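Shared chain: chain A. Partners: chain B in the first complex, chain C in the second.
The block that comes next holds the complex of A and B.
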């Protein structure tokens, strides 16, 4: 029985490998690079559906204060008003004016929405269940509710309660949980065959980090600002050095947040595309036989990378949430000025 | 090179979309979804905590009651023992009193009987003396066959009997 299963698995693996090899052979006749790694990770004006079909998305953009709306890029070109730019999604007005604000619906935006909607849907479903009393007066029922509660309680107790002092953590549970779930889903969508990890886009992670930044600063306590500008207990002259460093620190935190998530997700995607791309490259250089025989190894490696990526998807969402909680916790904390007395005591000892 | 820049590019329009989406998303999450869950979980935790505390109180109460019961039982046992002891003592006293009474009665009856016997003996002796005297007189008169002075004879015999009884 197990041998039959193994044989079937190997056959399927072979068929899966043969398909891209023949595709690569087709592509090789064209003059383009064998495999476009970057093209797999940048934003597109279409949504790739199951099977590789493309759904072109609407273009909304502004040129010098004038708004344009087209069903897709092609229809914009067809009107004759615009021409395709040489790189990426760009369109140029026929008179040479470039787009000043591009608010087109892109594939990455679609996946952001998918992540948000899925999170919202699941959370609303769970909240309806809790409102009905399942889980409120009784124990949570079913795998889905229990799983949901595991995540929710984890975010609330081990992240929010742990890093944000006092009763203040209650205010941030919504944000932390939403961001954790949304980022997890956005990351996990990248594992789907035609899916896109939208968190591998700097724009998305930067915006998320900016939200964390603004939430942090809006809720910062007086002590937080005092420690940024005044440094109680430190010689006033030191402010010349410390204040710029602290102000810089305010911005490096969200920057690190954005880059960490972005780089992790992007590198995972690129790794997988590259490792699978080796099949195409080998076929191109050494012929189909080498490409085919080595592909077993590449596909196995890709499978391993996929498992790693599934883990990283959750890990990075967790790290983003955790660091957000840490930054918020640091900002909202009230110190009661124990520093001054400590410093005073220290000087006493030295004298 | 240009496509590498494409990876790192920041698209303002896209960022605005993400910002709007996140704002709407967080609004719905914060208004319709998360608070209910937080409240439900807090309620449940409170309920569990309260139940545990109530159970502890009930347990302490039950223990107290059981202790009280034990104490009451011990007291009742002591009481019962005391009552039994008292009853035994009473019974003993009653019995000894009765025995004493019986002894007294018996002694009295014995004494009475002795007295009666003594009296009867005295009476019988007296009667016997008279009888003997008469018999002696009769037998003497028969023997001597002579009419003697009754009075003189009687005295004679009486003296004789007196001497007899003295011996």
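The block that comes next holds the complex of A and C.
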């Protein structure tokens, strides 16, 4: 069994190595040796499969309350009702009407689903095992369950218990663990040859940050809101300045959360494409001999960057989870009526 | 002009982030040397603070990339 697995793995690896070579040969026939950096980063209407084949994804539109469903972009254009926009994924109506809702399934969305499905699968698999008693009454069995437990205990003890005070952390462990797993998978998909790091899209990270934001505000304690609007111990006139600042602060936290993850993953992608692109730039300027010999250096550097990217993928998932826990912890914290004395003291001073 | 701005901006970002993360690393290593038993806690705090600095630096980096690639958002 394990031998068969190993054999398949090696075959797949061989295919992966051989394929870029043949693709490069195909591209060389075209006149423009342009590397499309942005094309590697933006959303597409297809999934790239092993071998460079493209699986086109369905497009779903709503125009004035009417739904349109097409198997792919080309079939939408073929009907004559839609036209391709000048750039990007967008389609425009031929008769000039605006598309009110574009619910098209894109490659980034597909990879979000892959990440979520994998997370769901792993957690359901583990929970079934624990319900059976393996790990709950006995020791955890096998590599996968032990690995699962390492991650889970890490999230629970080092993140949730550490930053969310008291018994309240139990409520949030599930969210923190699932968001950690999902972001890890979404980041790591970007390391696959035809995979897409879907977290290099601001809409994806913004959605994740918005979930954290709503969970934080929904579970916020009375003291949290008191600190936003009332400011115990501060002169009432100061509220004019402090309340807007605090309200702004509520929104900058998830904003920073989203942009941090997005920028990290995007810069990793662009870095690799740029470093590999140096080979072609050198060939263009100094001729093929210099380009070819310098490629040893650039490929080595890319390999190092790749390892760094794998590390960053897990680190950013950790940081997202950690900061979510910190924000939730700050919001659910209850102060033990230490304010009354402070308020009294403050009013004494001001009166 | 956009290229010049992007290049200069990226350099300044690198300086700022380098100073910031260097200072974190310096004080973290010093504190670990002084109190080796607290190494785990210090490392956690170090990564968290470095992440904040990195976030700010990457805001700038993204702006530079948008300038250089001439994308209008």
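One rule holds in what follows: the second predicted complex is superposed on the first by the 299 of 351 C-alpha atoms of A that agree within 3 Å, B and C clash if a C-alpha of one lies under 4 Å from a C-alpha of the other, contacts with A are read in each partner's own complex, and residues count from 1 in each chain.
The rule we apply is simple: contacts are C-beta pairs under 8 Å (C-beta built on N, C-alpha and C of every residue); 3 or more make two chains touch, one makes a residue touch a chain.
Just so it is clear, the structure is predicted and the values come from calculations on it, not from any experiment.
In the superposition on chain A, A:299 contacts neither chain B nor chain C. Of the two partner chains placed around the shared chain by superposition, chain C is the only one that A:322 touches, whereas chain B remains out of contact.
Of the two partner chains placed by the overlay, only chain B lies in contact with A:135; chain C stays clear of it. In the superposition on chain A, A:57 contacts neither chain B nor chain C. When both complexes are overlaid on chain A, the residue A:91 reaches neither chain B nor chain C. Looking at the shared chain after the overlay, A:38 reaches both chain B and chain C. When both complexes are overlaid on chain A, the residue A:267 reaches chain C alone and has no touch with chain B. Taking chain A as the reference chain, the count of touched residues is higher for B when chain B and chain C are set side by side.
Chain A uses residues 38, 266 to touch chain B in one structure and chain C in the other. Contact residues of chain A toward chain B in the complex are 38-39, 41-43, 60-61, 87-88, 101-106, 108-109, 112-113, 116, 119-120, 123-124, 126-128, 130-131, 135-137, 149, 152-153, 156, 170, 173-175, 177-178, 182, 201-204, 206-208, 210-211, 266. Those residues of chain C lying in contact with chain A across their complex are 44, 47-48, 51, 54-55, 58-59, 61-62, 65, 69, 71.
Contact residues of chain B toward chain A in the complex are 2-4, 6-19, 21-22, 25-26, 28-30, 32-41, 43-44, 47. Against chain C, the residues of chain A that register as touching in their complex are 37-38, 158, 256, 259-260, 262-264, 266-267, 270, 315, 318-319, 322-323, 326.
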